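There are two complexes below, and they share subunit A, which is joined by subunit B in the first and by subunit C in the second.
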Partner chain A sequence: MAAPKMSMGKPTADRLPCNTTSFQKKSRSKLVSIPGTRPSIQNGQLIVSTGVTSLDYVIGGGLAVGTLLLIEEDRYDSYSRMLLKYFLAEGVVCGHELYVASALDHPNDILQELPAPILDDIASPKTVEDQAKSCDPESQDAMKIAWRYQHLPKVQTALASSSRFGHYYDVSKTMDTEICQAARCHGFYLPEHSTAVTSPTATRQSPMPETYSSLLNNLQEVIHREGFDGSVPQTKSRNILRIGLHSLGSALWGDDLCCRENPSHGHALTTFLYGLRAMLRSSLSVAVVTVPSHLIQNRALMGNITRLCDTAIALESFRGSERETNPLYKDYHGLLDVRQLPYLNCLVCDLPDNKDLAFKLKRKQFTIERLHLPPDLSETVSRVSRGELTGTAMVGSSGCGSGSTGNRHLDF
Partner chain B sequence: MLLEVLQGTEAGGFILIQDSVNYCGRHLLKSCINTALKREEVVHVLGFEVSQEELNDGLDRTSAQRLHFHNAYSDPLGWTGNSPFTVHQFTLEDIGTLLKQTPQAKAVTLVIDSLSWILRHHDPAAICQKLQALKKGGVVRAVIGLLHSDLHQRGTVGSICHLATSVITVAPGTRGLGAVAKITRRTKSGKLMQDEEIFSINEDLTVTIQSKRSHPGSTPMNTDESEVDPTAHLTFNLRLSDTQREAKEKLPLPFVFSKEKKSALLHPGTGSGRILYEPDANDDYDQEDPDDDLDV
Partner chain C sequence: MFAELNSILNTSPDSFKPGEFILVSDKHTDASFLIHHFLSFYLRAGCKVCFLGLVQSFSHYSAISQRLGVSLTQAREKGQLVFLEGLKESLGVLLQGEASKGTRAVDFLRDPSSGLRGLYDFVRDNVRGAVGGGEEWGPPVLLVDDLSVVLSLGVSVGAALDFSHYCRATVCSELQGSMVMLVRCEAEEEEESDDEGSERLLRGLIHQCSLTLQVQGLPTGYCRDIHGQVEVCWRGQCDRQQTQKKLFQYKVHDKGASFFARGMSSAVL
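Up next, the complex of A and B:
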């Protein structure tokens, strides 16, 4: 008897405020109840963290559910792979389901390399504060500032939003296998799926289209079976599916995009991306795709691929380039370029205030910072010579003005 | 680092030797084969470019029975019909049967001389997939391939290099001394190591490292910097001695708020505001009360 009464009482209680006033609280309780998500400040879209707090900040708070993030790989795929692992690790910590597809490594191998989360929520901001505190007296010792300038805010190089979203990870350790196994994960390892598909098609027909279509079919099946698409009635609590697709478009997917200027299946990857995006839009899922863009010969095709994704960032590692030894970049490991930001439910997207971004991989975390010259505290190096360094670094011509090198520093 | 790569300490590797018309990488490949033979490994060579006699020349005679040469040099496309190995047999199944002909439980190294020939007759994407399958398959311990990079499009070379765990790019050395090898090596953990070394290959196919150049770009920058010393000939003094510097640092700067100054201003002492006055004879002291006209 009590139970029906309760159920009867609830709707009337809900309706009562409606009778007194037309004001209705805009409730998002259904969506917010998914752990690891929150509505965006800009447009109210439900967003999830990429696992890297500063990357979240750069792309406008986080990844909107139902969108696609394209990461253009750095030359040796070390940092892009790390970003993908961060994205997956964040999913594990938040209890999301994962879908990993790769042609290079087995998805289980990728999952075993996930970075360990720093779960002690109080400890991690404290260490940041401690660092700042330990920095402060040092800088006061090092430099005397007139008192009226002492309380000016410091230039913040590290990018972070005021409220915390996402977790921090320790790159040096891998995630506990217990936590890893608790997460529901679907893997797609191309050699396992394609052997059945490609062996009958040895009749000179390129296996290209099948690899992508089998991936798309597999993904669709997972989304449908696990109830991530909106069509399934809401029986159990909703969850987010995080999709990580590694090195799409490389030769291992049977795509000659990377090998030829005019690939024989130039539309294969773009067609796949159309299908993937349509699927993402109608389901509670979010995807990260890495593409070896330095290998793709046709720039127009790369442009098409970028336009078909919602957010696009490019990583450029200093490894192996002459920038590695340039003193300008000595604090960083590479440059990050935001190629494209999504326009979601509005006409404008929030552009980052600074486009010169660089990333560095510290022992504990991956951070994206504004690229700027470090303060020059030594007395021997003058500011002018650093300016010249940047000049030579940009132009690459050190021969100019060689006749006036003698009195260049004495120009006052 | 070249020697470490040649020693091949890690299993499941794919070593790519990239050469061009300026410098031939086959000598390095042969010394690779030689070190593998010395490690008591079974070496299978898919030979497309040189005959067996030419390849065997200079190799270790004592371990010749562990070297298996699959001759695709005499008839690479199978026109005569009785070729031992053709370029079309570069599939996983055929290579598997080739390797099984020698029933040994030892580690097997597969040498491909050269990948350029195979790339001519197969789809590059398919080659990449096969190489990756060979690398992962566990049948072979290591795959060593020679690639003439100037014969192919940049994208094809890039894709193959992307797969390799170690890439050795050889080029002729400056002033005709030895050769320069640029080595890029990826460890299993994803760490990347790069090095540039000048090497030479001896008569017995051993490799000698002559010198190393770890950071090629850093040296010219420093020499330019050291040439100019603007403070060398000055008519005035720019430097401070230690005592001078100490004296300078003692001086409080006008707009610097030190701790003492701040506390003195914020917490004045209790008796600090008293005025001590001792009347003097010469003081012009007015006896009259200045306010006596007021009716207070």
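Up next, the complex of A and C:
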């Protein structure tokens, strides 16, 4: 009773600013202060964006700091490589430190082909809005035959969360060199390290071959030196280390996983991933690993690899397969399979409502969408042009297709 | 601790059967929620718990146990819980420069062919110490989160089975405690599984254990409202009780899990 009286007595002009501040979000300012991160809605973990907004949505908001994302490469490693570059580019834009390891291309070469950020951020959301607007007058004028459906939410095939997190990128351009230069980057190029490590470790019996152990040691050295492991009291502000490891398990890493069914170093990659997991858990870092899984013949081994990662997705591109010309898949460039989602500090993981996902590379942007079939068109309708077909495919996915009839010339 | 699972298994923290070896296995899904159940169950029962957490960090288990109403940090301080954090211990061993650091428990990382002797010694010292020390805790309990991860680290199936056999002899038979192990199985049935590591480990452990909880994803595919099915199998005991099997479907919630008969999900009724 006392509290309302007190507030009644006060002049309203005083109360208004009070009210606006009283609903401040309780947050641990120390963690949130890192740019490019935010706490997860689900379990409070600090998450970072993968650089692809729709991928963030699919894996439950983003990558939790201290976890590992496994990307199973598509056959030509084109889209998985693109996802890796997105991940690194997002790090550059957010001011995170990078660590790139590769056995094939020099890390500097990978960094030079990062996609350019769209920093004004208006282009991409606007297209969605436009699309929504174009639908709006139509639905107002439309006859109310399907009145039962009018309260149903609009079906959006492109996946995105309500609030923006991460940036959009233009894959047709590369990032400016000045932005690239500004980022702190550590590279690990295997041919430069392979000679140095052979002698001291040759005698010791280790489950890992020297390539992986030298990578692990190098990574630990960087994490320790730059203070990501929190063991060193820090004076400067905290930052995130983004680790990108390209094509682990391929023959270039000295691994014969891909060559034989019973590889001689069958535990090398899993042991490395176990060590990497241990390292990530105790530091402010997040890693993306790509593995050419289609080359690994032993499926059980691939299962073990997946289990040691936190999030696992697989890309299967249509390029080179007969699905490329299949009319069912004409809107997409490949399928995306979410193999595993992490259980972090809670019993349930963020379960998606739909696991049939496909990706496509638009002119400038990589997106992930729910896979849906184009509407079954009868013979009479099949003569309409392809542009209209995609239009019907976009709107007609709600099942009734009533909204799409407006822009046709003939309704009957 | 999930009350529904307790009624299915006919146990409670006040009265549970001593000397049990419970095997939890999963395939195409994640059964770690059962490990969290048993962890909070035995901590509530006042047992001395030895937990080998090989795949996650202590803070992960602690955060979940907090939701289930048990504080791991307190239990650890009181001496009720002994927690081996595999990830933390192994990092020093895997990095070459610090070969001397780390406990003997993760010796298998230095030389996988030597087996899990160090890990067993760790378990034995902790559970024996609990009984001899005159502490107020009940019978010892050993929990292993994911024994199959040692296969990924190069340990042979035989060594892993030896480890579980030794542990069973010490914990279940000698000290009348209990044991819960989780193994994960990734094999597909259609492939020949003769040289399959995790499949062989699973078969060997089923042979040893007294109760199995086999968790699987739904055979018909992914579903949002039913996370999978669990097959509970009691081994026949000496009193001529037959081997008994029951199949349930389950759904994991934020703070627990619900179990129901097949087709009886609240989402479809």
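Everything below uses one rule, namely that the second predicted complex is superposed on the first by the 307 of 412 C-alpha atoms of A that agree within 3 Å, B and C clash if a C-alpha of one lies under 4 Å from a C-alpha of the other, contacts with A are read in each partner's own complex, and residues count from 1 in each chain.
Keep in mind that, in the parts below, contacts are C-beta pairs under 8 Å (C-beta built on N, C-alpha and C of every residue); 3 or more make two chains touch, one makes a residue touch a chain.
Keep in mind it's a predicted model, so treat the numbers as computed, not measured.
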item	value
Subunit B versus subunit C as contact partner of A:R225, first or second or both or neither	neither
Subunit B versus subunit C as contact partner of A:G320, first or second or both or neither	first
Subunit B versus subunit C as contact partner of A:D255, first or second or both or neither	first
Which of subunit B and subunit C A:S213 touches, first, second, both or neither	second
Subunit B versus subunit C as contact partner of A:K173, first or second or both or neither	neither
Which of subunit B and subunit C A:K330 touches, first, second, both or neither	neither
Partner chain(s) touched by A:R81 [first = subunit B, second = subunit C, both, neither]	first
Which of subunit B and subunit C A:H372 touches, first, second, both or neither	neither
Subunit B versus subunit C as contact partner of A:R299, first or second or both or neither	second
Doubly contacted residues of subunit A, that is, touched by subunit B and again by subunit C	206-208
List of subunit B residues in touch with subunit A within their complex	123-129, 132-133, 136, 153-156, 158-159, 162-163, 184, 186, 190-192, 194, 215, 217-218, 220-221, 224-225, 227-228, 230, 253, 255-257
Subunit A contact footprint on subunit C (complex, rising order)	30, 32-33, 36, 57, 59-60, 63-64, 67, 87-88, 90-91, 94-97, 109-112, 149, 151-154, 184, 186-188, 191, 195-199, 222, 224, 227, 252-257
Touching residues (chain side subunit A, partner subunit C) in the complex	43, 200-201, 204-208, 213, 216-217, 220, 262, 267, 270-271, 274-275, 277-279, 281-282, 299-300, 303-304, 306-308, 343-349, 351, 353, 355
Partner subunit B, residues of subunit A touching it in the complex	76-78, 81-82, 103-104, 144-148, 150, 191, 206-208, 250-256, 258-261, 292, 294-297, 319-320, 322, 324-326, 385, 398, 405-406, 408-410
